[in-house]
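Per-chain numbering from 1; labels A, B, C and D assigned in written order.
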Amino acid sequence: MKSWQNSASSANSPVWGEKEKSFIEVEERVRYSETDQMGVAHNKNYFEWFEIGRTEYIRQKKIPYKEIEKLGYYLVVVEAFCRYRRPLHYDDLFIIRVRLDELTAKKAVFSYELLTGNDRKLIASGYTVHIVTNSQGVVTFLPEEILKKIKAPAA
Amino acid sequence: MKSWQNSASSANSPVWGEKEKSFIEVEERVRYSETDQMGVAHNKNYFEWFEIGRTEYIRQKKIPYKEIEKLGYYLVVVEAFCRYRRPLHYDDLFIIRVRLDELTAKKAVFSYELLTGNDRKLIASGYTVHIVTNSQGVVTFLPEEILKKIKAPAA
Amino acid sequence: MKSWQNSASSANSPVWGEKEKSFIEVEERVRYSETDQMGVAHNKNYFEWFEIGRTEYIRQKKIPYKEIEKLGYYLVVVEAFCRYRRPLHYDDLFIIRVRLDELTAKKAVFSYELLTGNDRKLIASGYTVHIVTNSQGVVTFLPEEILKKIKAPAA
Amino acid sequence: MKSWQNSASSANSPVWGEKEKSFIEVEERVRYSETDQMGVAHNKNYFEWFEIGRTEYIRQKKIPYKEIEKLGYYLVVVEAFCRYRRPLHYDDLFIIRVRLDELTAKKAVFSYELLTGNDRKLIASGYTVHIVTNSQGVVTFLPEEILKKIKAPAA
């Protein structure tokens, strides 16, 4: 699944091609509180940024994630990975790209790339794996209706 | 209520006297992720530390805060204040002191002091004001039973 | 300074009038990771949002805060206060308003209001007090040049 | 390296055997601010907990990480992974276990397991990969002296 992570070029540039239509992009800025004493954004924030991207991805499918939770379905993170390639500094503008790699009634996999805001160099890449549970944390199935909406091309 | 904040000595030393029996102390360490690029703990973490102290204060009253929430009562923060006097650095050991200043069926006020771990110098002081709500966020009253427990001297 | 906090109307509506030209506004959304088990945004995040507003306020004065730090000056928070009036939920859109209440070579005071994104109701209000230090944390003075820029009307 | 992640038993129990002497354990509690509206600890906090474990691991080698940074060496995270198996709730006591899997002058790999505080069931497992840089972010080599200390058995 993650073969793009091993490609020679991936160390310096984004890998998702122009032809791939399924990803969306969000712009963010590094908050002061997200830096650490090394002077760069702390590694844990990347997972928060991945989540922001995920929220936007699903919103564009006309079924905001908060609606999915209201219907009683939760996309619980069971795996998270990030590869850090370039540091991010306070106030840096950057782009979060999100792609849905896999979606079934039981499981979802999202991939992410962070790019510099000005020249679109690769800052980080990663993925998260999710299972579907109800509000009690019991594994369940996403109904067909929600699946269809998320899989539909963005408007 | 906060007159101790204005006393001349308070800039350099804790103010709560030995005679005051009602406060408790917890020890914590500054996490790397809690520092910012200034090289010190970021101001927002102090409110997280106040909360840790609050949790420990109530736990010692034999009614952990999580039990209070399970009974359907929430101590919602409606005011928070902190005065920062000394910086905290990564890995610094410090003491959180917590005191319950006011408790009625409708309202609670906690005060806090953070002290250096080695020589007990004042790092920061502050307070939080809470109202009581149910799980829907509607204002309600803490039952007498819970009030009694929190007001009882620690075991 | 904070008399607007005591006004009768302030419980339900923003207080800064149309005539006040000196404040700026930024729009943000509540991140999933910013909620807590009460289902609302955790109190500590408000101080992070105040900081986002502060960053934008200074950026509009054509001297981004990161430039001020590069010149060797730090606006260290010595006091922070927030009054919470309405809860914020995941994915809520809200407005951060920031006003510079006081600025001298030694001290700065910023005030903040958070408003709901749709009907501009007051969510929270607060302030932060800052002193000026160098990179070693020693109190110093902001040079006239920086003071002038921050005090100049936004472009 | 991560073959233990695939073992059948790993879904329910820690995998590091009694014979493995090289790991250390730290106890922590879930903070209220670390929960999200799902009612469990948010996924990003696990990376903060891994870091707490790392700090303690190195401290026990008589060369606290803050000393290493003072000498001009930084262990920058270039990869981070976590597999989540059981939820953690507010105020839960849990154990962070840390093991150093690899250490050279240029690279370090740490592995982690989180266990429930009472019956030592597996909550999560993961790893972080680090490279060595100087304070400017330039790749460098850890001096032999520091390497020896970290590799030495804990006192």
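We take it that contacts are C-beta pairs under 8 Å (C-beta built on N, C-alpha and C of every residue); 3 or more make two chains touch, one makes a residue touch a chain.
Nothing here was measured: the structure is a model prediction, and the numbers come from that model.
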A-D or B-D - the one linked by more C-beta pairs in contact: A-D
Farthest chain relative to chain B (centres taken as mean CA coordinates): A
Whole-Å gap between the CA centroids of chain A and chain B: 36
Rounded Å distance, chain B centre to chain D centre (Cα mean): 29
Centre-of-Cα separation between chain D and chain A, whole angstrom: 24
In chain C, residues with contacts to at least two other chains: 32-33, 37-38, 40, 44, 48, 51, 89-90
Partner chain A, residues of chain C touching it in the complex: 31-33, 48, 51-52, 55, 64-66, 89-91
Touching residues on chain C, where the partner in the complex is chain B: 37-38, 40, 43-45, 47-48, 51, 69, 74, 76-85, 87, 128, 137
Contact set on chain D toward chain C in their complex: 32-33, 35-40, 42, 44, 89-90
